[in-house]
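Per-chain residue numbering starts at 1, and chain names A, B, C and D are given in the order in which the chains are listed.
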Amino acid sequence: MVDTSNGPLRVAVAGASGYAGGEVLRLLLGHPAYRSGRLEIGALTAGSNAGTTLGELQPHLLPLADRVLAPTTVEELSGHDVIFLGLPHGQSAAIATALPESTVIIDCGADFRLTDAGAWEKYYGTPHAGSWPYGLPELPGGREKLRGATRIAVPGCYPTVSSLALAPAVAAGIIEPRVNVVAVSGTSGAGRKLDVGLLGSEVMGSLRAYGIAGAHRHTPEIAQNLRAASGSGADVSVSFTPVLAPLPRGILATCTAPTTVDAAQARAVYEKAYADEPFVHLLPEGVLPQTGSVLGSNAVTLQVTVDTDAGLLVVIGAIDNLTKGTAGAAVQSMNLALGLDETAGLSTVGVAP
Amino acid sequence: MVDTSNGPLRVAVAGASGYAGGEVLRLLLGHPAYRSGRLEIGALTAGSNAGTTLGELQPHLLPLADRVLAPTTVEELSGHDVIFLGLPHGQSAAIATALPESTVIIDCGADFRLTDAGAWEKYYGTPHAGSWPYGLPELPGGREKLRGATRIAVPGCYPTVSSLALAPAVAAGIIEPRVNVVAVSGTSGAGRKLDVGLLGSEVMGSLRAYGIAGAHRHTPEIAQNLRAASGSGADVSVSFTPVLAPLPRGILATCTAPTTVDAAQARAVYEKAYADEPFVHLLPEGVLPQTGSVLGSNAVTLQVTVDTDAGLLVVIGAIDNLTKGTAGAAVQSMNLALGLDETAGLSTVGVAP
Amino acid sequence: MVDTSNGPLRVAVAGASGYAGGEVLRLLLGHPAYRSGRLEIGALTAGSNAGTTLGELQPHLLPLADRVLAPTTVEELSGHDVIFLGLPHGQSAAIATALPESTVIIDCGADFRLTDAGAWEKYYGTPHAGSWPYGLPELPGGREKLRGATRIAVPGCYPTVSSLALAPAVAAGIIEPRVNVVAVSGTSGAGRKLDVGLLGSEVMGSLRAYGIAGAHRHTPEIAQNLRAASGSGADVSVSFTPVLAPLPRGILATCTAPTTVDAAQARAVYEKAYADEPFVHLLPEGVLPQTGSVLGSNAVTLQVTVDTDAGLLVVIGAIDNLTKGTAGAAVQSMNLALGLDETAGLSTVGVAP
Amino acid sequence: MVDTSNGPLRVAVAGASGYAGGEVLRLLLGHPAYRSGRLEIGALTAGSNAGTTLGELQPHLLPLADRVLAPTTVEELSGHDVIFLGLPHGQSAAIATALPESTVIIDCGADFRLTDAGAWEKYYGTPHAGSWPYGLPELPGGREKLRGATRIAVPGCYPTVSSLALAPAVAAGIIEPRVNVVAVSGTSGAGRKLDVGLLGSEVMGSLRAYGIAGAHRHTPEIAQNLRAASGSGADVSVSFTPVLAPLPRGILATCTAPTTVDAAQARAVYEKAYADEPFVHLLPEGVLPQTGSVLGSNAVTLQVTVDTDAGLLVVIGAIDNLTKGTAGAAVQSMNLALGLDETAGLSTVGVAP
């Protein structure tokens, strides 16, 4: 439970000029705790953008337009109850170490996602900082680890939708542990990064794959989640191909794995797995997920069937990579950590068309 | 004041399968009166889509996915306290006439926007149904007409941003009454209409003007608003060019008119006009509006300056055509009509990027 | 060889108001035979659009803007040397039967693509019209069947890129015959069809899968091509998932299959297979295909590697669905049929950005 | 006339990694002189991209993929007959001075566009380098200056369409010399520049004005062209507002000016002005230009009418900013300079949809 007897909760966002930080702020501005004055938005920090107003960098956050970004330092972040980190890889550990254990730190970056030091080093090329409770409550056993947690690693966007799409099948043992994920993403997943390949002129009107054949850093994270879901801890082989498409937000994942069950059996497994989940929606039979329907929402929409000719389970999943794929999961995790209503400030209503 | 002593307010949406109806529902689902149970979403009706679930037609409205659309008839709409109409032109009058005077009817269509029967007939080619209080509270004297009103005509999307961009200058007498508006719009402004020119393959990668040289029906509506703003009722000449661009939502209007004042004087006029408005934001000097920043929000962002070489006032305005340009104005009008907080359920936070 | 001693070749296009027909005309207008007067563009026909000028329907074809579309009848199409058909499924056979055997008829539709009547009936639900030489010269043995042919079935867009991406591996026996294709497509692949799901407002900002789990009609066509490529005629299991993305043109296909070879071995197979092909380009190691680079071009760009952890061959392929995926293949086939330079009128230069 | 008795013409492109340079190369690859071997593509140079293959930077130019970019130096550019410059502002003069007078140098940049040193210094803030023949043959008297020229300044993209849209009216004296241009552009007009505001995530789904109220550098260039068109050299007041829209290519300009003539009179002026122009097309009455129809083409499509209520001439114009707006004009100018067919290598067929 949150104790607000000493005044409102103070929340800071480090990396407030990036897409993750901006989305966290968007959600906080609509959070009932903020609207009722029980939660305050404290320090907003940035790297090279320190000294600039938020209005120049995140003009969609009109109520905070006059806020000036502070530098991302331990001093600026001290004195808050909750801190969201939206920092480049490798910067979270130093900050977390310097802050009290009781501060709730929610890292939107990758630093504390992987439990296996070898996998971390292979994919990120730096020493492993450790692992924190993983902010995906809908995984088997996931919710419990987040209640009262003070350090939380927010999942990657691709692992979020891929893991939720496949975990029930893995947990129920209805597939062979060889999964294939091809996930198409909008460009905001790459962050607010100056890269020629991310210029509007380059991405509009074009589709391209990248990080294929196991090269993408989200591959071991998907494998870790599915291994955990399997109960047995047995290994799961993951083939992962990310594709960049011309839209700002959204991931559509096509997930397949060998199966011998039929479509009805598969559907029953998913219905059961997600019956009580507020954000994961198995769509009616024949209705396929689309990312436009979850824009700005924390929903995950899924469809599951079986390609009997090919002998494959086929699961399609859609999320907004910045909401459920990043900042929505962060706020959902905060809610669990603080004992608030898990769904507070989060919606299953998308902005469409 | 709303009397909910007899139970929650019942709200219906006619035309729930269209873009206007869908956006009204999106906003109602986030409205504090709905969230607290003081407002219920009653009948959802449609024309040819009657009998279909909302989940098939508006998959972004997950909480209402199982609702089945009823036909748009007086019977289905009876018994509600508030009815939003999102119907093709010419269908509102018959419904409004058949319902009690006390029912709050908010028409997102054009039928009751124009006060001048001649202008109506010239532009719409049908007999004039009359005029209702106009749902743009930020116009001079606009708010008062909406408090307690039971019939409200929601403005057109182009007139909303154009009128708000120019009314202060007209009212202050700092421009000659000859205005030029070139407004670029996303495709949802055309509605959910089966038209080859609106296919994704046609609109993506292309820009096109349409309804030029006074042919667009929003021309007399802009003129009407500016005439009213002038106080004197003197005529205002309006040149209006709409341009279709490849994005779903948003209007960016470039509005010019001859002036002899300087930029500082013009800015002072706008600062004063909108100082207390919750949704109209004059951006800091040098910061230009962009539609991406108001996506899904009810904000209007403006910038004003003077092109001294050309002797023109230049005002740039941005809105989301479906929110402030349609459904947001409808909900804002409902709030005023019912005596609720005018901003309830409406946000100035956009979904970006 | 083409005999133009009796005057220029006369070419007709049936379905000139659609996307396939328009793209055939775009390519013909740039064809050297047209530019030198050895090829004339004769009848342009349409269904419900007959009587309209091409300028209204295909405004990008300025040199033909004044042409009036005739109805699609045998009479209008008679007297031509070459006829391109861009018609709805099921209409080609009646026309082809009524025209002389010597007329070169190139069908951009599906009617004559499948050799297996059972597969046709299962997927199309109508009686099988038969099969014609298949217009994909880059398949093993494909070119020979097209030289001098007078009836040609142009491949489907998805089968084009998928088959070219996988045929070398199948032919070389380096994969198990269980392939998985997830192909993301622009919207023009769906044709110029009035469908709410194809409206710009719906497709922009959204990604969606459709026709999953073997439901898409291109599935048996891919299987047919790979079966043929295998030499043995042994069956190939195909899992195919098409995804719609917000761009007008382009298909990016991710194709995987179990393998035990390494990346270098796989690359060698592809280098050899396509060494002499003018349109199929294996990109340098590490360079990934993007559809923006083949916009308007007849090129197919491929990358091949092996995901050793997952034990899968991974091939990424990109095409323009309207050019190499439809009309470019049609013109390439015409060139072969008539004994012209196979590459005449076709380019490997894309329009970018 | 081009003398190719000493072997093929050698053409260099400086700035081959940018959008202008890339488009020049795309057009040269399709130029009949290149295809017949009378024109060779020589040095391709770049600034920081020197040493890289063109395949990495311009993957759509497959036939040149293996070319390695040289540094942009006088040495590398020496020994060519024609040099296209696509360089940052301010770099052209030094190169041009060091090369022989007889070398045809075609500058896609701004350095030599303005004749008025004061206007240059006001808008560019650097010393005026001088002015060269202006590469817009369709302006009154424009073609003559280009025949045999060895120094050519390619017009800016906005001035191209705006000037062609308004020059006939100015020349015929049917408007008052106060023009208003609102031009919506795709993102490639901003060049291949690393700027957060040009990232795909920022531009997709958004519209924004920039450089308003006379601040954009193309304003004095439009004024210069219209002043020249007026014959009298009398000043023309230009209000110019550029708007950025989510598409890679295309400019749609809405141009207005006070008039007392009627639509038929205005149309007659434009019909006469452009009757013999191969690239400027006045569309049939009622048909409006769209940028999608001129994608990749050198065409300018115009519509002209009069808004009688507002007393304004309204001209809508569409171009592809990279083709007719930059590289197409450059190649057209080269053709004129060398005495080739003016239209060689240029098309009026767009790539659509």
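Going forward, a residue touches a chain if its C-beta (ideal position, glycine included) is under 8 Å from a C-beta of that chain, and two chains touch if they have at least 3 such contacts.
This one's a predicted model, so the numbers in the text were calculated from it and none came from an experiment.
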| item | value |
| --- | --- |
| Pair joined by the larger number of C-beta contacts - B-D, B-C | B-D |
| Per Cα centroids, the chain farthest from chain D | A |
| Whole-Å separation of chain centres (CA-atom averages), chain B against chain D | 39 |
| Centre distance in Å when chain A and chain B are each reduced to the mean of their C-alpha atoms | 35 |
| Averaged-CA centre spacing for the pair chain C and chain B, given as whole angstrom | 45 |
| For chain D, residues that touch 2 or more chains besides their own | 19, 186, 188, 192, 199, 201-202, 204-205, 246-249, 290, 292-293, 295, 352-353 |
| Residues of chain A defined as touching chain C within the complex | 178, 180, 182, 184, 186, 199, 201-202, 204-210, 212-214, 237-239, 241, 243, 245-252, 254, 256, 263, 288-293, 295, 303, 305-312, 314, 316, 318, 352-353 |
| Chain C to chain B touching residues, read off their complex | 19, 186-188, 190, 192-196, 198-205, 246-248 |
| Contact footprint of chain B on chain A as seen in their complex | 19, 22, 26, 29-30, 55-56, 58-63, 188, 192, 204-205, 248-249, 281, 283-284, 287, 290, 292-297, 299, 301, 347-353 |
